[in-house]
């Protein structure tokens, strides 16, 4: 049995960050894992279906006031798992400014206590008015599963400011299930679309949630390198959680992905804290042929942790590590750098237990097409051109919005069914240069399980979530 | 006109008639407050129970509530809090006792009536807004408006008339026989602990421990582990040379334990080494609103573990009577020149019986 | 059929959907060349007929159909409301009737144009909200009839609804402390001498709020005035109705929109509330009419 020692101290603002991190992680799972290594602390959570993983990496020499970790065994880490509820009762929202300053905390000390049969994580909060609050939380030893994401295969990448992302996310109703992110780069646009896979019809159409499409000029992105037509879907709820914390940090959000069915990684960083999310993606099955199975099958994001790196990938990390050391930028700054220019070395980090992430993974244009807003933007037209998604949804008649009145009596849209085959994507119907021709398939009406949702409570539909949730509900909420 | 309509209408008019008229030329008790808010705030601290007992005497009102016989809360509201306070005791045979009039009523209903002109919590349509309607944040009523009480002895209701800005609402509250709550005695000659501190600090400590780790909270005094600060103001009279003890509150359960240890900034006026008793946490929380409202708190426990938490609530000088200032805070009343009124102070006292500690 | 319009007054539209959605989830929306009508009916009985001028909400308004250019839709109010919230910083908002591409179901599409704040060179951001709806046939809507009420016994301008609403909420809270089945029943009464009362009668408490010096509107049609119940009765005599306080509170949510409110009481039968969105002199007389039945004692 190893007897590692772990002791670190945090400032009030770092303690608040821990709170925000825990809130975010608790949206993925009820248990939160803690991993301590030299120079780094990782808080992580994996959802029950293993389709989403969230990890908060803390570079201890920046994030902590002091940090001491040592292990007597050859494993250079300490791993444990705690209840999110218990952690959030310790790291709860503490009002840093407005309330009585005397009861505010001045310092937070965390220590691993292994005394005999009782193993505890001890947290001491020192308050300005001389009060000391001490918590001792039980934990269980665990082997933490890490998400695997190969940056080498990430053919799509964009970076967007978190406040803009939050602004866009606020338009979505939380009752929709999925969020599709697609590129119409050839027209200088990108879209975020919410949808729910299981469609209802007949009398229940009115029970469908609001579906939203946000179409942006790519100029809003700090960087946008996504092939025309690339479109992936993720869980809206997960993505909202990702965006929520990013907005608090006020930082640049970076997303990397490739094709539906493969994971997407979203990451951002601030002041020694880096958040990395690995989300499984799926196709938008409303508008494309499903590859098999009734709904979108999402793979898992997780591989079982191995002590030794996988043989076949061992060479690549070594080579890349050499390249990374040469470029020498600290890891946390790479996500904040503005518009990298020139050539950068390729970097792909296979997120495995062993390789260290001290050297930067810089950005590299992998694909041929890379959109740089400041270089190629055409002059802005006096009025915005008709956006792609409002292109004719009905192909007959000259007036794009006209509906045949005679249909009203019975099957209102009977004529439309025949036309549907020529529709491609729900919103982006105009561009034909769609790399994924598979999407031009017959639109099969999905008759899945009826996911009737009550729309009577509007408060769920909002982006800004109360920061106290979901810690244990006391009278303070 | 259909006859039952006439009857209904008359019934409505009868209510108005009954409420508007004074029931008798000289009621047993009549009082007017121009500061319904202060009254509301103090009484709200006892609203962890819906029914309360009210005693009227020459000095003011004593309002008592009880929770499952192991916890009591009492508010002492002096007559000075009212702009007029007239108590005409009914003649009784026991002339030697100071006269009092006691009855029970629904405290919850009384509190709603006092707030009749205050809008209920504004609904937030955007984010799930924070409501301030919880135990730990005192509601801030709009000031302005008067409350007039009238009571005429057992069997008669409590009449309450509220007026604000020309609007008038009259209330008639049913009263009941008092329940004769036996006060939980605190043995003053056998105190094991007496501590004075800022109420906000006790409030903060209880908030901290409200973390669902356990059902009970333990109050503990133990010998100090650190040498006492040389400038520490108070030393217990029983041990002048020993350093002041540590005063702790702790909770513990399967997920872990939590401890709040008060530093040297609190005043420990009396202690017995090894003093340790536990209480049901949800009962201690009943006093939470008072902790948030009060300025000072005193913590006293006797040798049997009966705990008394006392809170001093300072008035705000009354505020401006006629203007509706929506959300005015206490200090504004002072700034506006409070017409020479002194700060009215109310006291709240909570008593708790200790529980057996599980080992 | 075709419906396309620019939304002119987001705030009014938001408050309207908010007020109506308190009464019921679904609304019948009737679009014609002359006006815009929303009709909702609660399961508990309250009905609202909102007759609005086109200019109250829209501009550049186009409605065409084979049915005299009238289109009848069934619309979920909460989703309409939520989608309107996207218009906060919009430079333009267009509402149109169209079909969802994926399955052809009818939708109201709200397209909002927001100028890009971050980068002046970037084009606008376009947000499109898809609100599911149903197209109602003329025969279906023929069955929806506006309630008929007898001549009112009393009509009076109510005090500011925000005040009435605040007190109603308190009355409803008081009701929660009672156990009786009809604990939420409130008595609303008024007379032609400018007095209005609201009372709650329970076992543990009786409460009454009273207002005086209110205005009684004069009937516009002078011919009808003579012999009208409101003119032949004694001025100080009260007419009353008994309503459910919770329903009344939902009705009072219209306070954000109301400029003038006239309450018409048919003694023991019904309450009709005319909520005008404009002042008396305004040529636009958009009005929401609330119909509530009186509960018997």
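A, B and C are the chain letters, set down in written order, and residue numbers restart from 1 in every chain.
The rule is simple: a residue touches a chain if its C-beta (ideal position, glycine included) is under 8 Å from a C-beta of that chain, and two chains touch if they have at least 3 such contacts.
Which chain is which protein? Per UniProt: A = Similar to DNA repair protein rad9 acc. no. P48013; B = Similar to DNA damage checkpoint control protein rad1 acc. no. P22193; C = Checkpoint protein.
Fair warning: this is a prediction, and the values are worked out from it, not measured in the lab.
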Greatest separation from chain A - chain, by CA centre: B
Between the pairs B-C and A-C, the one where more C-beta pairs touch: A-C
Length of the line joining the C-alpha centres of chain A and chain B, rounded to whole Å: 48
Approximate Å spacing (C-alpha centroids) for the pair chain B, chain C: 42
Between chain C and chain A, distance of the C-alpha-averaged centres to the nearest whole Å: 42
Touching two or more other chains - residue numbers and ranges from chain B: 125
Sequence positions of chain A contacting 2 or more other chains: 458
Contacting residues of chain B [partner chain A, same complex]: 124-128, 130, 134-136, 198, 200-201, 204-205, 207-208, 210-213, 254-265, 285, 288
Of chain A, residues touching chain B in the complex: 83, 85-86, 89-90, 92, 100, 102-103, 120, 127, 129-138, 458-459, 462, 464-466, 469, 472, 474-477
Contact footprint of chain C on chain B as seen in their complex: 1-2, 4-5, 8-9, 12-13, 15-16, 19, 50, 106, 108-109, 112-113, 115-120, 125, 167-174
Parts of chain C lying in touch with chain A, wherever the complex brings them together: 1-4, 25-26, 64-67, 74, 76, 78-79, 81-83, 86, 96-106, 109, 111, 113, 116, 118-119, 121-135, 137
Contact set on chain A toward chain C in their complex: 161, 164, 168, 170-171, 173, 188-189, 195, 199, 201, 205-220, 286-287, 373-374, 377, 380-381, 384-385, 387, 389-390, 393-394, 399, 401-403, 405-406, 408-409, 412-413, 416-417, 420, 423, 425-427, 429, 443, 445, 455-456, 458, 461
